[in-house]
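Below you'll find a set of structures to go through.
Okay, so subunit A shows up in both of these, paired with subunit B first and subunit C after.
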Partner chain A sequence: MKVLSLNFLTCAVKACKSSSSSYPLHPRDAELVQDEIEVNPDMLVNVLPRLDWAALRTTSSELGFPPLPEQPPTQEELRADDKLVRDLHHLLLETQISEGKLVCANCGHEYAVKEGIANFLLPSHLV
Partner chain B sequence: MDPSPEAYEATHVHSVYNAIAPHFSSTRHKPWPFISSFLTSLPPGSIGLDVGCGNGKYLPVNPLLHILASDRSEALVRLARTEQKKLTGPASPPQVVVADALSLPYRERSVDFVICVAVIHHLSTRERRQEGIRALLDCVHGGGRVLVYAWALEQGSSRRGWDEGSEQDALVPWVMRSKGKPEATFQRYYHLYRKGELEEDVEAAGGKVLESGYEKDNWWVICSNSQA
Partner chain C sequence: MDGYGVWSLEEVHDGRGGGEELEGGGVDADVDSPFCVVQLPSVDAAKKLLRRSVLAHSIHELWGTAPSLSALHPIIQSQTAHLWPRYKDCSFKFVVDAYQGAHSNKERLAIIDTFSYLPFDGPIRMSNPDETFTVFEFWPFNSVPLKIQHPDMVRLGRFVASSARDIIHRYDLKKRGYISTTSMDAELSLVTANIALAAPGKLFYDPFVGTGSFPIACAHFGAIGWGSDIDGRSMRGEGDNKAKSLPGNFAQYGLKPQLGGFFSADLTNTPIRRRRTWDGIVCDPPYGVREGLKVLGLKNPENATWLIELGINEWQSPDYVPPKKPYSFLAMLDDILAFAADTLVDHGRLSFWMPTANDEEQEIPVPTHPCLEVVVVCVQTFNKWSRRLITYQRLPDSQVSSSDLEAHEKRRREAAAAHTGTTADDLNPFRRGYFRKFEAEAS
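Right after this comes the complex of A and B.
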């Protein structure tokens, strides 16, 4: 699972949706895989407005990446900043969580990630 | 006593797909043209969901999109990942998770589009089908669009023989033939949508119908969140 995907994932428990602590999910015992892929600045610029920047900063520091700027760049700023394009590309698209858990800080539920696939099926008492 | 809708779907939908996954997948390779044209019409870098992705046949249609896919069947999700990875290479495997359509793990109003093909008709009460559509609408932002496909009751020209006036809740046999094994039959539950019903369900779920139509034994709707 790419870090980009993690920015769109939250706890599957309905009661957690209204709680700000249910997002982002927190990686635990995460094994990361990194592969080089070609940079496509246009795609990154287009995805930027859909990102939750505060959550991305949290995820990035939890995975041990260097800190991201406090405020998100505008699309124009990102387009002009080669280094930030490369850094974001590396974090969002080249980095995958292959094994580990994703934890909801609200209900404490742990979602397992195996071979890059997270399982969000809930035990019946949480549905 | 009748089983709960959840228990009924566990027997007549979830466990069937897990059992037939490889055989099912081998029969589902060709993307439907209308869904492909919807996906190719979206701007590059759009981010969206494929809820009930099956073997992931829509994931490679437009490589300029980011699609987060999910399916209730872990067996199908694993197949989607393995199959599509052959096309995309190990650096960009398809983004697939195992999730239930009524408990989706996505941030609200976050994505540009959702496709949900041949999924809602597996929910066994009208309330649950509308809840399923609501859950899709919750994922898209104000300008986002949701494409839903469901099996039609009006299939006069198909070998299945249903048509207007037939019973809408049906168990449809899947006959699995594998080498060296006796034939096995699984009964999958379907709700067959009559003309106009999918639009009604979208509106009951708080959505706005933008376009709708019929293609190859299915009704389809493109809708948006009317509360946007």
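Right after this comes the complex of A and C.
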């Protein structure tokens, strides 16, 4: 599961949707793998406005990456900054959680990640 | 062209993926004919138009149209003489394309020889010539057995470009490593991705991903594809051989860099944040005939307290499979539209397949949502039912009336309260009709 995907996902429990602590989900015991993928600056520029930057900073530091700038760059700034493009590409697209758990800080539910595929199916008492 | 008639027009008409806006129009087409005449500003525009098309075959510069070959020549001579010098020295060939007709080689040569007045001095090359001129003939239906002597119409065209039609063979399901009983065929997956405007740098999502036909088609056009499914097994694949899995399929086509991610999830309890994220959502939702339409939950919670207990105690076990219950087809359609309205970016597209009975009384109407504007509905007709490929685009909020939105929400709540059946048949009018062979319902 890519770090980019994590930025789009929150706790699946309906009662958690209104709580700000249900997002982002927190990786626990995460095994990371790195894929080598060709950099696509246009894709990153396109995705930038859709990122929740604060959540990305949290995820990035929880996974042990160097801190991201406090404020997101503008699309123009990103386009002009090769190093930031490469860093973001590495974090968002090349880094994958292959095994581990994603934990909701609101309800404590743990979503297992196996072979890079997270399981968000809920037992009946949470549906 | 092919068996999807008007479809190719829609696809070509709309073939402006990757932000290529094309001027033009003036489409003149007959559904029974494989030919379609379009007005375009330039040859380059024609090439662009066809570059993504899966349903069209090729595009040609039209030199003349007439009811017969002898009537065609005066038109070519009077109207295209200014073009002749351009092709004076290039290599070329002539071919005859007789739709619904047949010719012996001798007849073909005789037809081609009638164009000998064209002052082309270059060499004739049967393979890879610089220019190809095609004599198109449109014969009446069944003309060979009926021994009809002459075509209804003859055209001369200069070849401009082929479409992307050959990619259908590359993505043929018969040659794909991992498929299931309900995998969408290559041609229609590619058409779906094309009509939803999949293109480089865009993000696409399929909430009923199965073995990944749609994300693979989207990835072909350069988009990054995500998908989820209520059945995790379909994505993980079989046994230890990881080639037979969804990621294995991406690897087979060299599309790994375009793989966004996959996860197990149920659309009615989705972990995806309600935030404007996707450029496109494409799917073929289960409609309860071949694949059961189920969501998370218990059919009879009051009789199954032990199942709830089991969930509370066992949910962390790797072998735990959460219970599922049948779900209403119409409610699912509403859920898909609501999800798309919440998560598509402005002008992002939702393109999905929906079955319906052909009988007017049993027809299921095209679902609507105030935030989504219908772009096009394409129909594939079977005997008593058909399936539609419905494409919407997300309107910017400034174009959505808040009173329409409120009325829609109210109607949806009322409909959800009315969808109270518990069996698959109660919940799904299409399934009910299908197994009744669409005979009238006894009331």
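As a convention for this text, the second predicted complex is superposed on the first by the 127 of 127 C-alpha atoms of A that agree within 3 Å, B and C clash if a C-alpha of one lies under 4 Å from a C-alpha of the other, contacts with A are read in each partner's own complex, and residues count from 1 in each chain.
We adopt the following convention: a contact is a pair of C-beta atoms (placed from the backbone, for glycine too) under 8 Å apart; a residue touches a chain by one contact, two chains touch by 3 or more.
All of these numbers come straight from a predicted model, not from anything done at the bench.
When both complexes are superposed on subunit A, subunit B and subunit C end up clashing with one another. By the touch criterion defined above, A:D42 lies against subunit B and subunit C together after alignment on the C-alpha atoms of chain A. When the two structures are aligned on the shared chain, A:P123 is found in touch with subunit C, with no touch to subunit B.
Of the two partner chains placed by superposition, only subunit C is touched by A:E110; subunit B is not. In the superposed model, A:A15 makes contact with neither subunit B nor subunit C. Contacts of A:A80 after superposition: neither subunit B nor subunit C is touched. In the superposition on the C-alpha atoms of chain A, the part of subunit A touched by subunit B in one complex and by subunit C in the other spans residues 1-2, 4-5, 8-14, 17, 23, 35, 37, 42-43, 45-47, 50, 52, 111, 115-122, 127. Those residues of subunit A that touch subunit B in the shared complex are 1-2, 4-5, 7-14, 17, 23, 35-37, 42-47, 50, 52, 93-94, 96, 111, 115-122, 127.
Within the complex formed with subunit A, the residues of subunit C that make contact are 200-203, 224, 226, 228, 230, 232, 235-236, 247, 256-257, 260-266, 269-277, 296-298, 301, 304, 307-308, 311-312, 314-316, 318, 320, 322-323, 345. Subunit A meets subunit C in the complex at residues 1-2, 4-5, 8-14, 17, 23, 35, 37-38, 40, 42-43, 45-47, 50, 52, 110-112, 114-127.
Across the interface of their complex, subunit A is touched by residues 6, 43-47, 64, 66, 68, 70, 72, 74, 77-78, 81, 90-93, 95-100, 103-108, 110-112, 141 of subunit B.
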